[in-house]
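In the two complexes that follow, chain A is the common piece, with chain B as its partner first and chain C second.
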Partner chain A sequence: MEAFATFLLNFVYVSAILALVALGLAMVFGLLGVMNMAHGEFVMLGAYSAYVVQTAQISFFWAIPLAIFVSAIFGFLIEWSVIRHLYNRAFDTLLATWGLAILIRKGVEVVFTRDYKSVNQVVPGTVELFGVNYPAYRLILISIIICIFVVLLLWYQRSKVGLRVRAMVQNPGLAAAIGIDIAILSRVTFVIGVSTAGLAGALLAPLVRVEPYIGLDYLLSSFFILVVGGLGSIEGLLIGSTIIGGTDAVISTIFDKTAGYMSVLIISILFLWLRPDGIFYRR
Partner chain B sequence: MAFSIVVKLSLLSLLIAFPFVTNSYSAYQLGLYLLYGIVGQGIALCWGKGGFLPLGQALFFGIGAYISGLMLQNDVGWGLVIVTLSLSIVIPFLLAGVVGVLVFNRQIGSGPYFSLITLALALVGFQLANSQVWLTGGFNGLTGINGLPNIDSFGSLYFVIVGALVLTTIILSKIMGSPFGLLLEAVRENEERLQFLGNNTSWIKAAAFAISGGIAGLAGAFFAPHQGIVTPQVLGFILSAELVIWTAVGGRFGLLGPVIGVVLIGFLASGLRDAFVYWEVIVAFVFILVVLRLPGGIGAIGVHLSRKIGLNFHSYGEISERSRSVPEVDKIITRELKFEEVTITRGSVVILDKLSFKIEGLGIQCLIGPNGAGKTSALNALTGKLEVDSGEISWCGGSLNNVRPFQTLSLGIGRKFQVPSIFPNLTIRQNIDLSLWVNRLKRNQLLSMVPYTWKSDLLEKLEEVFPFISDKSLIAGSLSVGERQMLDFTMTVLSEPSLVLLDEPCAGLSKAETETMIKAIADLSKSSKSMFIIVEHDMQVVELLSDNVLVMHQGKLIAQGSLAEIRSNKDVQRVYAGGTK
Partner chain C sequence: MLKNSANVFKEISKNREKSMNSFMKRRDFIKKSLTAAATTAALGGFASRASASGHLKIGVMIPLSGPAGLFGPASKNVSEMAAAEINAAGGILGRQVEIVLGDAGLSPSEVAQTALKLWRGEGCEAFIGMHDSAVRGALINVFKAQVPYVYCPNYEGGECADGVYYVGETPAQSVVPSIEWLAAEKKVKKFYLIGNDYNWPRDTNAIAKETIAKLGGEVVGEEYMPFTVDNFDSSLAKMKETGAELVIITLVGGASVSFNRAFASFGLSENVLRFGTLIDENTLMGIGAENSKNIYSAAGYFANVQTDAAKAFAQGYASKFGSDAAVLNALSQSCYDGLIALDTIAERAGALDTKAMDKAAEGMEYDGPRGHGTMKNRHLAMDIYLANAVGAEFKIVQSFKNQEPGNFCKA
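Right after this comes the complex of A and B.
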């Protein structure tokens, strides 16, 4: 019973983290059609923000605004300098963001070197839940992630900006014709998307080794989630996260990390082959 | 002799002279870069010609290296070396082919899915190489790899590598110039149109990817004896990323570009990487600039400069004369198309609402109806572009419900879209060639130059009506909308389909052009044994062409008959006069 409760909590935890990491990519790819190959690098920047905050010996709490600030600035610069010229050239955005990803990685490598950094656990200790002692920080993370999703969903469905974004996605030409500034709106969407990635990076920093190359794993898991869950819905994103996170967790526990990763890759290839629009595709 | 061959031969003599004019260490280094260059050539085939980007190419390079490394750890003779080389080519070839077939099956265009899957594959390969210590030696890799028999890894191996490079260059340029190469370029230009010319494009892309995988494996097979050690880095994503950068900077549209890119960046890097910390940042920056501003890389500059000084850098050689008659296509004897209660709904929208009709025989059927009646959707359902929810579409007795676009041509159904759909960056001649090959090009002719010489009576007839289509070197994208319509029409009928679907063939045409088009269609319907279905709004066209008219409204058929019958039909009058039913 205890083992099952632990497994269940781990499952929820892994899925929640993956969902948060994939959220930004889903926004940028699903709404703007830009496959942001530098997505993982924003997670990495967020994690380094947490490391910087720790080095400066101020409260870990500051890592969150710093990560959002750093990724928003980078996101703004990238959108302004590169992406905005390429909105109708999907393949070129893939290439350009791939180049940007390398640029950011190499840049961080120059500044921080390639060594692993570790960010200290900020909320040590455990909390008893369903009869098991579960790490407190993980529970806090799960609650924060739920809050983020609720806020973003409300923003997307209720706010005026959200309405304009939906109008832009459905018919950019018409949206522009009725006075919606598509250029600004795309930029806002892109910046918010990458900021959630940065935020995810800061929150994850105490749990992972921080180095310039961690972004790649996050990019690929996010991508797998989009393949399995399908584009354009929060439900798809959540289902995709649980399938990918769950499979990886189960197979990795039974065999090893490589097997877990392979199974996730095989599932994604099968989805592309048999169900290219993902599970949650409304037509 | 074409200028490009002169360039290639002089570069080859430079490569051969290189060890004699520099030191042996530089030649050793150059040997490694040439191996990477070979991998880059494979990337150029996929990316430059096919328009889809493999991001994990080091995986195939690494597999080749591990296979040859494992074998060369023992003392082997040339017999086994040949077997090893073949395995190093065949295994990556098959792996890439299978991945390609699976991933491309339902993915059109150069979307990101393929690139990311290949990237993930490289990561899996890296992890496996690290974890399967019994086979790969794990993190430390395979060591103690011997050189090839009687070949000094620091001396004569260089010339073997140059030989391999010459071989891949010859083979790949042969492939690029063959019908297969043109099909691959057509995939990049307009994949959907190529499917409606009867080609299963996923197989074309998968085949190109398999070739690039095999070539990467060959390069890897030489890497093992060259370096004497194979570690997981050879199939990791860092090398994969660098391969893409080298190919892009050098130029992805030709075979020399990738090699030049690797050699140039390689030698610069070996001098600057350690002395200058920002070196790799600068390389990444250059890559972004190339993507944004100079898609053809250094190679494009070279081609441009050679044009400036008056030399024509032909990549295809001479254009063949049309001298041989095309093979005959099988004609269907009975033509019968039946829609039975076909219903298609998407969300809350009913697109086709129990649409039923039956047409048979020769002649021209005009499908008319107000906007949104479902005319184009009916054609989409018929050609596998729109999935049917219920009901049955049958053509000559066979069901079309689950047909996929590329299969319709082999059933004798050809289609022209409303918006003219051609291959804009190919020449008119190449556009025509692609359509002449429909149903005629056999698998064993994919690498033969014979299909370029095909001529057909129908083509000659159409060249009289539309003289501009006989141009040999004009790029199709430079044609006006009217001419594009005519080219598209020509391409649709050249395969001599038994059922020709024309969606508003006269849209966007001037009055004179419309007359030419109407005459062409009328002549063709008289001389050919085909059934025509034309979707048209222009009643003048309908009047001149139709043998029979079908009227659709809100997804249903409301009338069928001769034009006179249709004109006197009360329902039709009501619909066109703006009344509701």
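Right after this comes the complex of A and C.
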């Protein structure tokens, strides 16, 4: 019973953090069609923001605004200098952002060196839930992520900006014709997308290793999720995260971690092959 | 219509012209590069002959990129420090030493190419290496015992190639006495083995399992993880379920950091011990002070070993490179021992010839930061330290004197 409850909590936790990490890519790739290979680097910048806040010996709470600020600034500069010239050229965005990713990694390496950095746990200890002692910080994280998604879903479906974004995604020409400033709207979407990646990095920093190369892992899993879930909808993102996280958790528990990882790869390949648009496709 | 076909024809002939041009260019290019290659080869040959009388170039193969790249800066510093000390004492065989760095953080085939260039092109007459076992295998194939090669870091044991000298810890030296000590002192009976999926963890665990069986202990779990894994929830659940008392960790780098953090966050660190031979100072810093309770590590060197020799070494390092220089650990420090061992063996042999050096290596002795080392079957018998993590630092809890490396050379 205890083992099963732990398994369930782990499953919810993994799905939640996967969804949070992939959210930014879902916006940038799903809505704007930019294959952002630097997505993981924004997660990394967020994690380093948490480290900087810790070194400055101020409350971990400040990591969140700092991470959002840093990734928004980087996102703005990248969109303004490179991305805006490349909309509708998906493959070119892939190459350009891959180059930018290397640049960001190396830049961080110059400033912080290759060493592993340690970001201390903010809320150490465990909480008893369903008869299981579960890490308190993980539970907090799950609640924060649920809040983020609820707010975002409401904003996307109810707000005027959300409406304009949807109009732009469905028919950019028509949207421009009725007076929607597509250039500005794309920029806002891009900056918000990469900022959520930075936020994810700051929130995950106390749980993971922090070094310049962590972005690659997050980039890969984010792409797997979008391949399975499909582009352009929050439902797809959540289903993708659940399938990827769930498969990994179930197979790893029954067999071992290698089998779990392999099953994730096989599922992604099967989707690319048989259902390249994913489960939810709405564009 | 006619006009169109004329255009098409023009287009075709233009294209042909273009491809002829590019073909000519390619031929030209090939010719040029052949000339360049020949010149380089000639110069290279000249350079190596010229250096035979002057400086002694030593190829130092350390990770300057890739996942182990974080050990690069300290390894480079330590190698420079050893070279400077050797030179101050008159060099190797009366020749001043010059170290030439090669990146060993790439794939084995690329590192082999780099080493070949340093050897045949730059004229390096000896090599030391601090890199993984796959790269070592590739380099042994390149050198084929024609040039002396000292392998510095700890490794899984089992090698006996000619012309290769091992100064790193083997599992027989570090893992076996540590498990015996932990079993006796901490009364552990249930062991769980977790590592990354390649030969070092598997070979190390094979030896660990022998020791555990001898002690009457029980292996309650054994798992090997792909390198990309950073979620260990299912393994942690199994550790809880099986009631493991000591977890032997052969995860490397980032995987080790993520695992140890998750381990502590589930409250396992309170009652369950952890032991690994590749949990170095840097990995421990990544794991973090609040997650380090009950971590043990064993190696021939730790940054705060308190012997006179080790203290002198650490002070020398700090005064040469500053107090904020790259942190020392057993891996980077092993480059120092590699160069000292090379010097000692070459002086005993009287030449940088692998046949003479293989003979001279047997019974070779020296004193370094790690204490007294004696070479047997081209492996080093040395003192091993078992350390316990206190916060983000290691504190030595036990030293095992003069541990035998094991004999891997079949007569």
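The definition used in the following text is that the second predicted complex is superposed on the first by the 269 of 283 C-alpha atoms of A that agree within 3 Å, B and C clash if a C-alpha of one lies under 4 Å from a C-alpha of the other, contacts with A are read in each partner's own complex, and residues count from 1 in each chain.
Here is the rule we go by: a contact is a pair of C-beta atoms (placed from the backbone, for glycine too) under 8 Å apart; a residue touches a chain by one contact, two chains touch by 3 or more.
Every value quoted in this text rests on a predicted model; they were computed, and no experiment measured them.
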Practice prompt. Specify the outcome, clash or fit, for chain B and chain C once both structures are aligned onto chain A.
Written response: clash
Worksheet item: Which partner does A:E211 reach: the first (chain B), the second (chain C), both, or neither?
Response: second
Discussion item. Quick check for you: in the superposed arrangement, does A:A90 touch first (chain B), second (chain C), both or neither?
Written reply: first
Discussion item. Is A:S252 touching anything from chain B or chain C once the two structures are fitted on A? First, second, both or neither.
Written reply: second
Worksheet entry | First, second, both or neither for A:I180, with chain B first and chain C second | neither
Worksheet item: Should A:P135 be classified as contacting the first partner (chain B), the second (chain C), both, or neither?
Response: second
Worksheet entry | Touching partner for A:Y261 - first (chain B), second (chain C), both, neither | both
Worksheet item: Can A:S118 be said to touch chain B (first), chain C (second), both, or neither?
Response: second
Practice prompt. Answer with first, second, both or neither: which of chain B and chain C does A:A3 touch in the superposed model?
Written response: second
Response to the item:
Clashing segment of chain B (vs chain C; choices 278-286, 314-322, 440-448 or 476-484) is 314-322
Practice prompt. Using the superposition described at the top, list the residues of chain A that contact chain B and also contact chain C.
Written response: 217, 220, 256-258, 261
Worksheet, complete the sentence: Interface with chain A, chain C side, in the complex: residues 67, 69-70, 72-73, 197, 223-226, 228-235, 237, 240-241, 253-254, 257-258, 261-262, 265-267, 282-283, 285-291, 326-327, 392
Worksheet, complete the sentence: Residue set of chain A touching chain C in the complex reads 3, 6-7, 10, 13-14, 113-121, 124-126, 133-135, 137-138, 207-211, 213-214, 217, 220, 248-249, 252-253, 256-258, 260-261
Fill in: Complex interface listing, chain B residues touching chain A
51, 53, 55, 99, 102-103, 105-107, 109-113, 115-117, 119-121, 123-124, 127-128, 131, 237, 241, 244-245, 248, 277-278, 280-281, 284-285, 287-288, 291-292, 346-347
Item to complete: Sort out for me which residues of chain A touch chain B in the complex.
Response: 29, 35, 37, 82, 85-86, 90-92, 94-96, 98-100, 102-103, 106-107, 109-110, 216-217, 219-220, 223-224, 227, 256-258, 261-262, 265, 268-270, 272-273, 276, 282-283
